[in-house]
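Take a look at these structures.
Consider the two complexes below, in which subunit A is the common component and subunit B and subunit C are the respective partners.
The block that comes next holds the complex of A and B.
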């Protein structure tokens, strides 16, 4: 993998990322070591299941249903990590009036080396889908997903990164059509470093996009989310709600940008980037950006970074809750803001449990 | 039950308590009254174990154990309850979740079994009902959007559920209208007026003491107890003011 060319953090978009471990991971061979169990969700409406190990489908553990495997339409080339994904991946294309699929579940396991995979999601007029992607193992997991939502289509995409070590880089290119809705919720709750690059175009009248999540980091971990939502047509709504928690010497960074084009009147944009420092040596970067070329828009943005409220900690202690548990309870409530937006209860509960497991792990260590 | 001996405490090196002595036995209700700045709330926080309040001299024992050596959560598990003058809002954590976590943490610390979800719900419903709080409010985030009176009522619901041996109630009567004062006062009597329990009521006013009749009244001024007496002392204070008595 001597051809691996990576962006330098002298570039503004990459200044908070540390990609230095990637060449070494890319040179490794996969171990094939599988996790003890695969966290498929038991849900009310089961749908297709896909298991990828080191970027390859494990057919006998998968039930692809309506998901097609094979060559994915040529991905866009300009994305620094996304362009590495190659052409063999998965495609979900739902026609207008397609019967509900049930929850689509995709599990990605990396076993120590680098793996790359493209995906394509295309929902035709009024089609709906809900997808959960879970990332496990260790290594470098690199994904590029291109999404097109036609008029009135709705996609709920929820991702949990539980990868124990290594790196997870996820790039998304999303076009949201008239009255369509795109909701992406990400939980970084493993031990790996992460990088999220998202570019969402609200390309039709009254499109809706919500992109947010919770980034949990400890040790020397780094999470880095870079998002742009472009309002190109009037009456669009967008929400970016991110909650970052950093302990030890960890760093969480969120750069979230809203662009409103000249004709995109009545745009309603909201950004809420909040960070919680669990130790004085941790770092949180929050960079909300607005670029507005229309004159009749409503855009609210807020960024705060703080520590756990001492009054609240004493209040919990005075009722008998030990310091580690009090800290976990308050941190969980901080994080829940971003996760409670997931619509399906089964998925939401699983993500909240994952976040609590991360917090409990910290409590046991401290 | 509680024995305070020559207690000195500072906040940011500023002396607030300057040699306070007090002894509270099971079955007794003590009222601590005194002017602003006398150290009443400091006494509550020092006994509750709040960080930032430094004990520089003296000793406090609770059921024979060194109270000052225990963390705030350990004091609660040992049976001490601190009712806050300004109860804290905790967005994102429901009252029910908060109280169940607290109750079970105390039970674990005492080596008891955790209470089941069903038993806990029955207990919290009974306590909420007795204080005129709806289960809807119990499911809301702790104190968020509650009025001053509702927050104090919520403190009493918590006290009822946690069932402490000793309650230190810091101006539980402030911010209450007459009806709410009656509800809260009756709550204190119902939950705490028992032979094996005791109460330290910190208050400015006589009003609450008409409902919760103290066995002893102490006047705290400039960090020390300057006078002690029976319930009649509160009336005397109300009539003559702190100036005459604390001088």
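The block that comes next holds the complex of A and C.
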């Protein structure tokens, strides 16, 4: 892997990134060490299950159902990390009249080395799917997912990164058709560094996209999200809601852009990027960007960075709640803002539990 | 005309070449030879009778500049600039004389009238023959005005000089502060400026002095043509205050294509500097031909405790504006403010904003940016708010609003927020909108023409910024917004 060419942070998109650990991880051999427990979700409507260990499907622990495995029909990404994924991966293609699939669950385990995997999701007219991806282990997990949603299709994609150490890089290229809806919620609640690269094109009239999540970092962890939602047609709606929490010497960075192409009138784009610093040595970076070429649009963004509201802490203290608990409560509610958009209750609850577990793990002690 | 100038310049260059140091100060020619080389730098420095250290500084900058590349990160399309196809030093140009105001481009004349500039002053601005006399009178007037001002300023201990004079008269002060806020190698254009700056302004306000008047280049005699590479340095000593006005609201058909100015402000303990700019250089025609490229580096160092710098700008001119007046808030409790209206029409491009670098405890900053895009223009707000790890209790509030007039223009917001201290409280808000039909309908139902209605609404949109301007600027700036929008509606 000496051929690994990584971008430097002189490049604007990689301004706040630190990829320096990747060559070392890429040179390692996988340990094969599996986690004690695989956190499959028990849910009302179970669907296909896929388990990938070091980028390879574990057939006897998987029930692929409608998900096809093998060569993924999609050109390789041009971006620095996405182009590493190769061609063997998984594909979910749902036709227009397809019956509800149940919750698709994918677990990715990395056992210490680097693995790369492409995926393709294509939902035909009015098809619907809900997918949960969970990331575990301690290597470098690199994914590129291409998503196409045709007219009226709906995809809810939820991801939780619980990888203990190492690196997780996820690139997404999404095309949202007329009246289609795409909701991507990401929880970075492990110990690994992360990089999320998303490009969502609202390519049809009145498309809807919501991309957001919670980035929780401690130690020397770095989370780095770089997202673009591009409105190409009129009447589109988009939301980006990100909540970052940084403790110790950690850094959370979110660069989120809304682009409105010429003629994409009546666009409604909204961004809310908030950062919470829990320690004196942590860093929060935010870049809420708007690029607008149409006049009849409503685009707004808000960004705040700070510590927990002292008035709120005082209020809770006055009600007899111990400072640590008060801090935990407020932090949990701050993070919940970004996770509550998940539609299925089972998934939402699981994600909130994961976030709370992270917070309880020393995050809000001091 | 330019051939003659060229020949003159070359002759001069040849003549100069016989001297041991290339160019020396006793040469009488008006122009440096076309193009940029070490000799050009020596020529400018010699022409200005500068001490050796200043020449060395310029040369160092020039050599540095040769190694640098023009920045390309702004959201702009900048045609390639041929740095060899320009003059870097020209004594004040004589304007083309007009027989009467009737010969003046009617478009400019109309603008003068809309701005409410008195006839006599119009003649001066337009360079009407005979009005030269008026102009001389006017200049005499302002000379006397300037002299009385100078007397008064002198009494207060304020130094207000062209930078060339200051280099000669106050070398220690210049050596101490020049390049301190904007280092010589800061960026491509600032480095170029460091090498070839032709003139500019130096202001020093002594300790405890509240400058008795608003300082303006307009009142400075030798400000008639400060040239394309202006250098401004303002130092406000402890507890002092100064308000500085830059620019002119009247449209001057400046032929200089490239402007690369550097402005450095230093505020010591409890000092306050208010810097207001109205920039209305030639924006090019409606097809985007011609116009000024304005690449400006403006930065303030709030070095002292409780020091304050406030930038206010109204940018309506120039084909290209690349400008980020910034504050380095190093002093404890220091305050930085940035109020900006940037209006682009036709094919203008503006990429402007600010940087607030918080290093001192309890430092605060406010950013209010109003971008108005019309025609086929692009208008970008680009800003940075950075809080260093030792800066406790920093507060920042940023508001960037964009108004789009028409569906062929662009409005962009690129804010960077980098916070490394948990006690910081950073808020950023931005909105993008167009003029609502209701507002327009209401204003027109009260008898305003569509153009006036739009101008009124735009002024309302920019009000928060305009009210920061000193009185005399504010009135003209308001009219200017209306004028700059002409032809963009209906």
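As a working rule, the second predicted complex is superposed on the first by the 359 of 366 C-alpha atoms of A that agree within 3 Å, B and C clash if a C-alpha of one lies under 4 Å from a C-alpha of the other, contacts with A are read in each partner's own complex, and residues count from 1 in each chain.
To be clear about the criterion, a residue touches a chain if its C-beta (ideal position, glycine included) is under 8 Å from a C-beta of that chain, and two chains touch if they have at least 3 such contacts.
Since we're looking at a predicted model, the values are computed, not measured.
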Simultaneous placement of subunit C and subunit B on subunit A, clash or fit: fit
Centroid geometry (CA): angle subunit B/subunit A/subunit C, rounded to a multiple of 10 degrees: 80
Subunit B versus subunit C as contact partner of A:307, first or second or both or neither: second
Contact breadth on subunit A, by residue count: subunit C or subunit B: C
Subunit B versus subunit C as contact partner of A:292, first or second or both or neither: second
Touching partner for A:73 - first (subunit B), second (subunit C), both, neither: neither
Which superposed partner A:321 touches (first subunit B, second subunit C, both, neither): first
Where subunit B and subunit C come nearest after superposition, their Cα distance in Å: 15
Subunit B and subunit C contact sites that coincide on subunit A, given as residue numbers: none
Subunit C partner contacts - residues on subunit A that touch it in the complex: 12, 262-263, 265, 275, 277-307
Subunit A-touching residues of subunit B, taken from the complex the two chains share: 48-51, 71-73, 75-77, 81-82, 84, 87-88, 90-93, 98-99, 101-103, 105-106, 109, 141, 158, 162
Subunit B contact footprint on subunit A (complex, rising order): 309-312, 314-323, 325-326, 329-330, 332-334, 336-337
Subunit A-facing residues of subunit C, complex: 73, 75, 387, 389, 402, 404-434
